[in-house]
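Got a structure for you, written out below as structure tokens; questions coming shortly.
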Amino acid sequence: MSSNSFGKLFTVTTFGESHGPAIGCVIDGCPPGLPIAQEEFRADLDRRATGKSRHTSQRREADEVEILSGVYEGKTTGTPIALLIRNTDQRSKDYGDIAQTFRPGHADYTYWQKYGIRDPRGGGRSSARETTMRVAAAVIAKKWLAERYGVHVRGYLAQIGEVTPGSFDWSVVEQNPFFWPDAHEVSTLESYMDALRKSGDSVGARVNVVADGVPPGWGEPIYGKLDGDLASALMSINAVKGVEIGDGFGVVGQHGSQHRDEMSMDGFASNHAGGILGGISTGQAVVASIALKPTSSILIPGHTVNQAGEPVDVVTKGRHDPCVGIRATPIAEAMVALVLMDHALRHRAQCGDVGEVAPRIP
Amino acid sequence: MSSNSFGKLFTVTTFGESHGPAIGCVIDGCPPGLPIAQEEFRADLDRRATGKSRHTSQRREADEVEILSGVYEGKTTGTPIALLIRNTDQRSKDYGDIAQTFRPGHADYTYWQKYGIRDPRGGGRSSARETTMRVAAAVIAKKWLAERYGVHVRGYLAQIGEVTPGSFDWSVVEQNPFFWPDAHEVSTLESYMDALRKSGDSVGARVNVVADGVPPGWGEPIYGKLDGDLASALMSINAVKGVEIGDGFGVVGQHGSQHRDEMSMDGFASNHAGGILGGISTGQAVVASIALKPTSSILIPGHTVNQAGEPVDVVTKGRHDPCVGIRATPIAEAMVALVLMDHALRHRAQCGDVGEVAPRIP
Amino acid sequence: MSSNSFGKLFTVTTFGESHGPAIGCVIDGCPPGLPIAQEEFRADLDRRATGKSRHTSQRREADEVEILSGVYEGKTTGTPIALLIRNTDQRSKDYGDIAQTFRPGHADYTYWQKYGIRDPRGGGRSSARETTMRVAAAVIAKKWLAERYGVHVRGYLAQIGEVTPGSFDWSVVEQNPFFWPDAHEVSTLESYMDALRKSGDSVGARVNVVADGVPPGWGEPIYGKLDGDLASALMSINAVKGVEIGDGFGVVGQHGSQHRDEMSMDGFASNHAGGILGGISTGQAVVASIALKPTSSILIPGHTVNQAGEPVDVVTKGRHDPCVGIRATPIAEAMVALVLMDHALRHRAQCGDVGEVAPRIP
Amino acid sequence: MSSNSFGKLFTVTTFGESHGPAIGCVIDGCPPGLPIAQEEFRADLDRRATGKSRHTSQRREADEVEILSGVYEGKTTGTPIALLIRNTDQRSKDYGDIAQTFRPGHADYTYWQKYGIRDPRGGGRSSARETTMRVAAAVIAKKWLAERYGVHVRGYLAQIGEVTPGSFDWSVVEQNPFFWPDAHEVSTLESYMDALRKSGDSVGARVNVVADGVPPGWGEPIYGKLDGDLASALMSINAVKGVEIGDGFGVVGQHGSQHRDEMSMDGFASNHAGGILGGISTGQAVVASIALKPTSSILIPGHTVNQAGEPVDVVTKGRHDPCVGIRATPIAEAMVALVLMDHALRHRAQCGDVGEVAPRIP
């Protein structure tokens, strides 16, 4: 499998640089017969899009998805589905002055060291622009998972800097630009973000994702565990530095008598495990959490070197997010959906379709 | 790639159940000409072995590695290297009484739901016994990485329950049964563990792994990122519920001006990134941390159901660790080494061998 | 690896239907720093293009390759290279009358049985139109192989129906529309093809491909053998029903004393093996041969059934080749080049770059 | 996928050298619940075994298969199945005198050039001994295919040297040591082989394999075509130099009106295609044919060089077959079965289990 492809059986290959002609993806292995239309990509791409509010980057991108193949008369045919988005907003001049500089905290230096060449326009391949195609591909995965198995994947912002929600309500998450589960704190967050923007700095965040309806039995031990694949998928999102399943790092301080989720035919007594045991789904909600670093694209000058090895100071003047974690919410959902889709297919390859192995704990 | 195989180019396929006839692995893709002898597996297997001290499981296994193929006159030939360990301690009666019961916090229920059948002897395939072969395979990877690139991977226990080290000294880590970096606290830990064992309970832990000497340029964006592959590798270890790279979840509360690692020709000013930017190594130490849950094999009865759907209480009487995190240290090292080995080969496939791309920050 | 991807390390993923909006490919794993320009795709695409002469299909396709990613300032960057060709000639009405019919010898029935749905426009995904992208991708592989290792891949038509060349001269192969190695027979072939076209029938062909300059050592036993991968690559070309390496089926009647290629420090005495022993290149020319069936798209009515299960007669009125083998020549070259490129990278991953292991037979 | 692994979802990884301690394999992805016992491997291993008659190699190998994992109480559990055979007959002295010599027609020189090291004992990894494990793994595949889908794979020897069968009867194929379909010619073949053995030479052969009961729809275009995968699988067998599907190279001289298999609701009128169109099975018998070269291990001296680059003459005194094609029959069956098994799983991953898409041609 090539390194720009994700998934073993539902395989998404992405391509494209932030400020090149286009970005796109090829989705291979999609079951045939799934209805899909161009307009169905709109909602999730808008959720991810920069420019949605003043609290995320001010770039405006049309992000019109064109379906190039794999769909005939509105249905998937089983052949590869290629999606294409032209880059319409390519203000590459923004980046001209830093083309020879290695920005601290960015991938400039590492790409240079790996390849001996790099595309400096907007971060090139390392830009979060690439995640647009993950979200697009996941629209198909989400739809199939929902229609066939009743699986639903959703996320929310669980922390910005030191701020955590005081209450939790799924119904408000999609009603504010922060994917924040506490409606009363939205104005506070707006003030917080405005102050942060003025300071020229950025802040980290935590995003939680929950997948409901996942049947027991998905995941392949030992090296294709559901949690292992989720960890890889989520860590591959730009700026992510940590991944947790269920109680995550909270387990370090727990005792076994406290952590284990007891079972009865009425259900599990708790979900410390995050819906996965031995790398296989339990039938409970699959719960994952990620930590996103504060973006290094800030207005506060930083020390670094350029390609000539000279010390320079760098300021990133581009249109960037003071908190990249906000728009990471739909991206994290997308990665969870892609992993689940892949495992749904892998499960039925080896074990047949989801059956009814008794006893099944509700 | 099958789900019991790990690695794209340095591929390790493991097999075997905890109490079956044997466990083993096949290592494919090893460069030819590497000297390797049977006795070289001893040290790391002993470090991982149960029964090393009274603080880990009391099972005694000979764990004699037999090299079945791929080595001729003491050197690797480039063909697959098969390693085999016979299971000599198969007290399967220990587990007879719980063969029909789904132990809470274990993989019993999920294997049952996935496959409709399970091997209950000692946890079967889901037992940590499988990790023995990861450690064995990593002996080869560690040796090659050290000889060819000067890469060294080592780990230590960073937390047990609520206890964290008061000081840090690499030189004491291998001098105590806890891989603990503070020599003064070892006796305290021993008392802590004795009390824990008496209580019949278990506790979680945190293990840190550091890889020194990794050259810049290893890792393949976007879906073969070095941190993404580390996350998958580490999350695949039994009981792991969280993975961090560098500052990990600490980044949530950080500001960009604080997190980004500034550069000069004298070196990086800090290593918040954990040696990876954009999924590619920076040349700094690669730093990862994992959270291990407290084992669910405890003496305190727990509520669950059996295969007939009846409510039962279960106690695990087997020989198990009150803190599985302790012996996870060499396993975590092994997984990091396997990932690095794989990426060393992947890097030279696409980009040729490690070169000297200027400017190189020391 | 997904089934629309080819190659393990130099991975080409193609997409697109014959009469859909576009066809394209994503090339992942290309070494960085290779100069490549849009116009370099022209020559081989023209060689493959339908409409080149009256002896191949009369369709006219612009086949303008657009480079969407992976190239910056004229050089590959190491990131995925996406190539796109818009389908400009989409006379889908041509096929309207057979949309419900399973044409004998075509993939209509099998796609229908597999997917329960099919794109009937011009054969959809099963059209040889897809091979355009293989030829495009191979332009990059051919260039890298030539520049780095001096490898050159070329092919010729070795038989049409019962006609075989009376003499052999590489220099004339590219001078006639048949890739025929005997200049004196070209006018005879033209008459032959004209008569065939008038009869409304088609004929089979044999294409040979020779790769010069392949160093010894490429190929990975046991299941990544160079000849095994060539067999798969060549059999995947539309209409191919047989693949030979070296003497191919001629070996059935040979004796061991006759077949084995004796060696001296002056070279091999013969090349019955076709440059491959034990799945690894010998350093001699790699020689492969393929059999292409006569196209089933002919004007002579054939019996079949339609989707309603009714018996019908079918005639294919489209613009098709009476001998698809002719334009298969550059396609076969392309597949050989892609296999060699992949193995060049695989070899240096495990064994380092091509070395000078003594003794080397010239 | 590593190069000693075969299959995408039913993955067989083999290891071991001809005269090393053992050979073995790991089968990953087998559906759970399949009954399998150690004695079921006996029949096919005997069919493949050397020493079966005086017409094949006189080596005697016990070839006792030990099941190391993946089977519990006589049924597969879904975890990897490891099979092991100890090499009991290791007369490595036989090969001592040629350890420094590159035998013509063997893989000695190419392994040396690739790896810079080789295991000369009995051909090491390149020995046909490795195919024992393919046959063993295929026992499981054959059983599952037969039980679940009614698929049966069988082969026969279709040509030795210039000799072809005068008549065809499946029922006699297993009744003679040549897998020959014409009972009347067996004594003639025995005389032929005796004369050949006396002459110290060897001869080539052709083996045909037929798979009955394959449902329509298996195979994945474009690069996972059923015929493409068969080609790779069959070409990977030692000594194979050519692969045909259906009419194979016979298609070169055919016309389209002759080749295409017309259809009616009573069935296909012919099977020139060998049961595959567009890379997908048609529901007819899948028919493949392979050419095997005469072994180069003969008593007639041949010119070559040794590792010092000196010219030497070589005679292979070992216990080898004058016609390796004979025992290739069960090996070829095995490879076809492994490909079909893999595609059965791949098909149900993407498309669900074999359905009843109308109209189905019987």
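Think of it as A, B, C and D in the order they're written, each chain with its own count starting at 1.
The rule is short, and it goes like this: a contact is a pair of C-beta atoms (placed from the backbone, for glycine too) under 8 Å apart; a residue touches a chain by one contact, two chains touch by 3 or more.
What you see is a predicted model; the values in this text were computed from it and never measured.
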| item | value |
| --- | --- |
| Pair joined by the larger number of C-beta contacts - A-C, A-B | A-B |
| Greatest separation from subunit A - chain, by CA centre | D |
| Distance from subunit B to subunit A - Cα centre to Cα centre, in angstrom | 26 |
| Whole-Å gap between the CA centroids of subunit B and subunit C | 45 |
| Distance from subunit C to subunit A - Cα centre to Cα centre, in angstrom | 39 |
| Multi-partner residues of subunit A (at least 2 other chains) | 1-5, 9, 14, 29, 32, 78-79, 114-116, 125, 221, 346, 351 |
| Contact set on subunit D toward subunit A in their complex | 9, 29-32, 78-79, 221, 345-346, 348-353 |
| Of all residues in subunit D, those that touch subunit B in their complex | 1-5, 9, 11, 13-17, 20-24, 26, 28-29, 32-33, 66-70, 72, 75, 77-82, 84, 114-119, 121, 124-125 |
| Touch list for subunit B against partner subunit A, complex | 1-6, 8, 14, 102, 104-107, 109-116, 125-126, 130, 159, 161-162, 201-206, 216-225, 227-236, 241-265, 269, 272-274, 276-283, 291-298, 300, 302-305, 307-309, 311, 346-347, 351, 355, 357-361 |
